[in-house]
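Presented sequentially are two complexes of subunit A, the first with subunit B as partner and the second with subunit C.
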Partner chain A sequence: MYTDILNGILSIFDPMVLLLMFGGMVVGLVLGILPGLSGLTGLAILIPLVFGMEKTQAFALLMGMYAASSQGGSVTAILLNIPGTGPNAATLLDGFPMTQQGHAGRALGISLAASAFGGLFGGVVLALSMPLLRPIVMAFGSPESFIIVLLGLAYIGVLATASPLKGLISGGFGVALSFIGYQEVSGHMRFTADSIYLFDGIRLVPMTLGLFGIPAAIDLIMSGSSISQAKIVHATASDMLEGFKDLFRHWRTFLLCSSIGTVIGIIPGVGGDVAAWVAYGSAKQASKHPEKFGTGCPEGVLAPESSTNAKEGGAMIPTLAFGIPGSAGMAVLLGAFLIVGLTPGPLLLRDHVDFVFSLVAILILGNVLGSVILALAATQLVKVVNVPGTIMGPIILILVAMGAYSTAGNILDVLSAFLIGVLGYAMRRAHFSSPALFLGYILGAMAESYFYLSLEAYGWMFLMRPIVLTLIVIGFFSLNYKWLGKLFKKTGRAA
Partner chain B sequence: MKTSTWGKGLYFLAALFLWGGFVPVRPAVAAQSVADFYKGKTLTWICPFSPGGGYDVWARVLAPAVQKLTGATVVVKNMPGGSGLVGSNFMYTKAKPDGLTIAITQSFTMVIDSLFDNPAVKYDFKKFTWLGRLSTDDYVFSVGKNSRYKTMKEIKAAPRFKIALDSRTAVNGAGVTSFALAANLENASVVAGYAGSSEVKLAVLTGEVDGTSTSIGSQWQMLKSGQLIAVAVVGKERAVSLPDIPTIYELNPNMPAGTKKWIDQLTTLQDTGRAVYAPPGVPRDKADYLRGVIQKAVKDPAVTSRLEKQQFYVVYLSAAEYQKQLESLGLTPQDKAELQHLLLKKY
Partner chain C sequence: MFNILFPLALLSVVSVMIIFALGYDDTARFFPLLVMLPVAALLVLEIFLELRTRVKQKTGKPEGGPAEKTGLAAYLKSQAWVVLLLLSLYFLGFIAGSALFLLIYLRTHEVKWLYTAISVVVTVAVIYGAFGLLFEVYLYEGLLFSKFF
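Showing the complex of A and B:
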C-alpha cells in the first residue's frame, strides 16, 4: 500500500500533468483576479475539456485552476477592496487598510504564504485522516452545522470595531436580507414581490461587489487620491518576504485558523464563506491586541487566508469518502470524477489509493505553485495602488458592472449590485459595519434551515449531541473569555 | 451649377443602391434547404439550470453530436433561476422563433408551475415547439444501510418515518408523495430544507432521516456500494438498472381507485422527463429538421456511452407523441386543490 501512496504522489511529476496544472493555474489566477468570476466559473468552463483525458491530467488541470483562483481573488481584495470570491470578503478587512498605508507588498506576501501553507495544512490533514474519513463525516449532521453557523453569527458582534450595537444592527439587517426568496422548508416565497428575479434571493456576487467594491470606488472618485495614501508604496520582493515571515511570527494564529478552515470544510454544506469569518473572529478574540484588527493588522489577513485554503483540503474529505461534496467547488469536481470514470466513495479509497494521493499532492502543489506564480506577478499588479482615484474609481465601477453581469448574463444583477452599493456607501458614512451585514446575509437563512432540520429530525435533544455541546462550550468561552477571565481573577484573589 | 466629382460619385452610388434594391436577384436563397441554413450558424442551447447539474450534463454531452449533424456551432448557455422558470419564460417571451435557439427542460416543473397557476409563469407549455423527449427519470425510494426501518413491514410499523427533501416544491415532493401514498403510510413525515441532493443523501446515511426519493442516477454510487438500500421504484414499470426492486404499484396490489388515480397522475407527470423544445412559432421545416437531428443525436454511441457513465439513460419519445402526452395534461380546479394538498401539505 505504501508503494501505491508513493506512486500516487510521484505520478504528478509527469511533464504533461505539470503542464496542465500550470495552464489551469494561469486560467485560475486570471479568473480570480477578475471580480465576479471565480473558480466555479472556471470549473464550468474547463469541465467539458476533460472528457477523454487521463484522470491525473484532468484533475491537475481542474484543481490547479481552482487552487489558483482563490489566490487571485485575494489579490483584488487586498489591492482594490473588491473580494474576488465570497470567502475573500474577510481578507479585505485588514488587507485593504494595509494597502492604503503603503504595505500592499506585505499583505500580498501574507496572503500568498497563507495560501501555500494553509493548503498544505489542509492537504496533510486529508492525507492523515484517510482511514477515518467516513466516521468523521458521519459524525456531522444538521445540528452540528447549525451550531457552527450560529457561532459565525455570534462573531458578528466581535467584528464591529466602532460600535458593537451598530454592528449588531448591520448584522441583523443582513440576516433579514438573507430571508428574501424562496424558503425551502415551507415552500413559500418571502419578500419577493412576485418577482422571479428575487426567487433565489439576493445573489452573492452582486452583494459582494456592491457592498464592498462600489463604496470603495466612490471614495476614490470623491477623494481623487490613489488607493495607497502613503508616500512610499512598499511592494518589493523583500516586503513580500516580510509578509511571508509574518506567518511564522504568528504561527499560533495560523494553526488555529487552518484548523478552523479544515474542520468547517469537512462539514458538507456549511460553506467556505463561514470559515473565513469564524477564523477572523477567533483570531481577533485570541489576539493580544484585538483592537488592531480592522486597521491593517497582519494577523487580520493571515486568519481568513489560511482558513480559506485549508478548507479545501477538508472539503475533499466528504467528497472522497462519500461522493458528497464538502464545498461548491467540490460539487462541480464530483462531475469531473464521473466523467473520467471514477466513483468517489469507499470503493475509490480501496481501489485507487494511488490516485487519491496524487489528488492530495496536486492540491498541495497547486496552492504552493500558485503562490509562487502570483508572487512573481505581484510586483507588477501592485502598481494599481498608485493610480489616481479619479481613474481607478471608474475602472472599479466598470469591473463591478462586468463582474455582476458575468454571473448569469442578467442585467438585473448589475442593478442589484449598484443598489446595494448605494446602501454600502450610506452605511460607510454612518459608520455601520458592512462586513457584519455581509456575514448576516450569508448565514441568516442557513441558520434558519439548519435549526428547523435539527428540530424536525431530533427534537430539542439535538442540543445534547456531543459535538454540539463541545462547540457550544468552546463558543461560549471564546466569546466571553475577557470578562470570564476577570471573574476568575477576582475569585482567585478573594480565595 | 456644376456638380463636383464627389457629388457625381455619390449620385452614382445612390442610383446603384436604389436600382439594385428593385432587382430581384436572390433565386439561390429561396431554394436554400433547411440543412444548408444551419451550416455555419450558431445554435444556442439554453439550459435553465446551473452548470454541472444533470440537465447541464445532458445538454453538453448532446451538443457536440448536434454540432456534427447540423454543421452549426452549438453553444450551451446556462440561464438558471426560479427552478427553471427564468429559462422557460425567456423561451416563450424573448427567444426568437428562427430555429437558432433551443432549450432543454424538466417538463415536470414546467407543467406543474403552469397547472398550479404560479403567478410568475409567462408561458403556455402546450404552445412550445417540442422537439422530442430525451429521457424519463426513474425515481427510487431508498433507506440507509444503517436505518432502523429497512423492510416495508418495518417502515409501516415505525412510529414516525422521516423522509428527507431538499426544497419543498411540488416536483421534489412528487416522488415522496407517490411512495407514501402508494404504501399507505400514515406515519410519514417530510423533513424539508436540505441544501441539495447531496445533503439529503448524507442525512439518510447518518440516520438523521429514515429515507428519501431521488433519481436512480443520483443514488447509483451509493446503491452499488450498499450504503443505500432501494425499497421501491417510483414509476409505472420496473427500472432497467434495478430489476429486482418492485414498483410502488406492486407494493399495494389492491390499491383503491382513488389512490391509484393520484399515483397515475404523478407518474405520468414524472414521465414527462427531460425534453428539448424551441420557442412557439418556429417554421415547420426547421422544426422538423431539428426533430430529426435530436432523434439521431440521442442514438450516437459517443453520446450514450458518456451519459451511461453517469447513469443517465436515453428513453426517447418523438415530438409528435410527446406533444400528445402534454396536451392530455390538465387538472380540474378540484383536482388541482387536492393535488397541491397531497404534494405540499399532507406529509
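Showing the complex of A and C:
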C-alpha cells in the first residue's frame, strides 16, 4: 500500500509528465485570463489529445490545465473587474477595490497564495479521506444539497449589510431571474415569452460578464482615467510577499474557507460558485471587521480563492469513489478516465492506488506551480491597470462581448450580456447589490430543484435527516453567532 | 429621481412575472410566487422610504442639478458607444467589427495613431489567435460578410 502511494507520487516527476503538466497549466492560465472561457472549455479541447497517452501523462495535461484555469480567472477579476469564471466573481468584490487603491500586487499575492494552499488543502483532504470515501459521499443526498444551497442564499443578507433592504430586493430579484426557462421538475417553460433563446434561462457567462465587467468598462469610458485612478501601480516582489503573509495572518479564515470548499466539492452538483460565495459570506461573518468586506479587504480575496481551489480536491472524491462527478469539469474528466482505460469507482481505489495518488499529487502540484507561474508574470500583468480608461474601456467591452459569445457561440449572448450590463450599472447607481443579485441567480433554481427532489424522495421528513438537522443548526449559529454571543453576554451579566 | 425610478422599473418587471406565474401549475408557480411576492412588497417599501426621504430633504432646490445632468449626458454617451459596438459586431463580425469600433473610438478620443494601431492589433490578435485559433471558438463573421460575401 505505502509503496504504491510512494510510486504514485514519484511517477509525476517523470520529465514527460512534468512537461505535459506545464503545457496544460500554461493553456489553463491563458484560458482563465480570457473572459468567458473556463477549464471546462480547455478539457473539451485537450481531451482528443489524450488518446493513446499513458494515463499519468494524460491526467497531468488535463488536470494541470484544469487546476490552473481558475487562477487565471482571479487575475482578471482582481485587475480588471472581469471574472474569468463564476466563482471568480466573489474574488472581485475585494480584489478590484484593492487594485483601485494601488494594492494590486498584494491582492494578487493573496489570491495566488490562497489558490496554492487551498489546492494543497483539498488534495491532502482527498488523500487522507480515501478510506472514508464511501460513507462520506453516501451521507449527502438532495436534502443536504438543498440545505447547503439555502445556506448560501441566506448569505445574501450578509453580503448587503450596507443596505439590507436593497440587498434583499437584489437577491430576491436574482432568484426570480433564475426561474426563467425550463423547469426541470414540471417541464414547464417559465417567463420565456416564447423565446427559444430563453428556454435554457439566462446563461451564466453573459450574466457574470454583464453584471460585473460591463459596469466597470462603462465607468472607465465615462471617467477616461485608468483602473488605478491615475496612481501608477506596480506589483513588486515585496507586495506579493505581503499578500502571501496575509494568508498566514488570516489562517483561521483560510482553514474555514478551504474546509467549506472541500465539503461543498464533495457534494455532487452544488459546484464552485456556491463554494466561493458561502466561503465569502462565512469569512465576513467570522471576521472581526465585517464592515471592511467589499472595500478592499484582504480576507475578502482570501476566502473565495482558498475555497474555489480546495473544492477541486473535494470534487475528486465522488468522481474517484463512485464515478459520480462532483462538478461539470469532473464530468468531463470522467470521460478521460474511460479513454485511458480506467473505470472510476471502488475498484479503481483498490486496484490503482498508485494512480489515484498520482492524481492527488498532480492536483496539488498543479495548483502550486500555477500560482508560481502567475506570481512570476504578475509584475507584467499588473501594468494593464495603468493603461488609460480611454483605451482600456473599449477593449474590456470587446473582450466581454467575445467572452459572452465564446461559451455557446450564440450572438444573442452578447446582447444578453450588454442588457445585463445596463441592469448592473443601474443597480450600482441606485446602490443596489450586484453580488446579492448574482448569488440569488446562481442558487435560486438550484434550491428549487433540490427541494422538489427531496420532497419526492423523502416527503417532508427530509427535514428530519440527521445531517440536514446538523446543517440547519450550523447554519443558524454561523449566521447569528455574533448576535447570539451578545445575547449570551447580556444574559450572563443579568444573572 | 433615479433612486425612485429604478425600483419602480424593477417593480414593474416583478409584477409582470407575478402575473405570468399565476397562470402556471402549482409546482411551477410555488417558488416564483414565494420569492416574488415578498420582493414586490419590499420594492413598494423601498419606494415609499425613498419618497419619504425626498419629502423630508426637500429644500426647494430644482430637480436634476448641473452635476446630475452632466452625469446623465456622459452615461448616454457611453451607452451610444455600447450600441455602436453591438451594431458593428452584429454586421461586421468579431474581427472586422472590433477593429473598426476600436479605431473609431480611439481616434474620436484623440488617442495617438501609434497607440490606436497597437490597441487594434493586440485586440484582434487576442480574438483571432487565442479565441479563434488556439481555443477553436467559431468567430461570428457578421451579417454583412455572411450574406454578401
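We take it that the second predicted complex is superposed on the first by the 491 of 495 C-alpha atoms of A that agree within 3 Å, B and C clash if a C-alpha of one lies under 4 Å from a C-alpha of the other, contacts with A are read in each partner's own complex, and residues count from 1 in each chain.
In the analysis below, contacts are C-beta pairs under 8 Å (C-beta built on N, C-alpha and C of every residue); 3 or more make two chains touch, one makes a residue touch a chain.
From a predicted model like this one, the values you see are computed outputs, not experimental measurements.
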Scan A:F432 for contacts with subunit B and subunit C and give back first, second, both or neither.
second
Which partner does A:L487 reach: the first (subunit B), the second (subunit C), both, or neither?
neither
Who does A:F199 touch here: subunit B (first), subunit C (second), both, or neither?
first
Touching A:M461 in the superposition: subunit B (first), subunit C (second), both, neither?
neither
First (subunit B), second (subunit C), both or neither touched by A:L19:
neither
By the touch definition at the top of the document, which applies to A:S186: first (subunit B), second (subunit C), both, or neither?
both
If we overlay the two complexes on their shared chain A, which of subunit B and subunit C does A:L469 touch? Say first, second, both or neither.
neither
Let me test your reading of the model: by the given contact rule, A:G409 touches which partner, first (subunit B), second (subunit C), both or neither?
both
If you stack the two complexes on chain A, which partner ends up touching A:Y452: first (subunit B), second (subunit C), both, or neither?
both
State which residues of subunit A lie in both footprints, the one left by subunit B and the one left by subunit C.
185-186, 409, 452
Contact footprint of subunit A on subunit C as seen in their complex:
2-3, 6-7, 9-10, 14, 17, 20-21, 24-25, 27-28, 31-32, 35-36, 38-39, 42-43, 45-46, 49, 74-75, 77-79, 81-82, 85-86, 89-90, 94, 98, 101-102, 105-106, 109, 111, 115, 119, 123, 126-127, 130-131, 134-138, 140
Parts of subunit A lying in touch with subunit B, wherever the complex brings them together:
43-44, 47-48, 51, 137-138, 140-142, 182, 184-187, 194-197, 199-200, 268-269, 318, 322-325, 331-332, 335, 338-339, 341, 343-347, 408-410, 449, 452-453, 456-458
Given the complex with subunit C, which residues does subunit A contribute to the contact?
27, 30-31, 34, 37, 41-42, 45, 165-166, 168-169, 172-173, 175-176, 179, 183, 185-186, 188, 190-191, 214, 218, 221-222, 224, 390-391, 394-395, 397-399, 401-402, 405-406, 409, 411, 414-415, 418, 421-422, 425-427, 429-432, 444, 447-448, 451-452
Which stretch or stretches of subunit B touch subunit A in the complex?
51-52, 57, 60, 77-83, 85-86, 89, 119-120, 162, 166-169, 189, 191-196, 198-199, 201-203, 205-206, 208-209, 221-222, 224-225, 227, 306, 309-310, 344
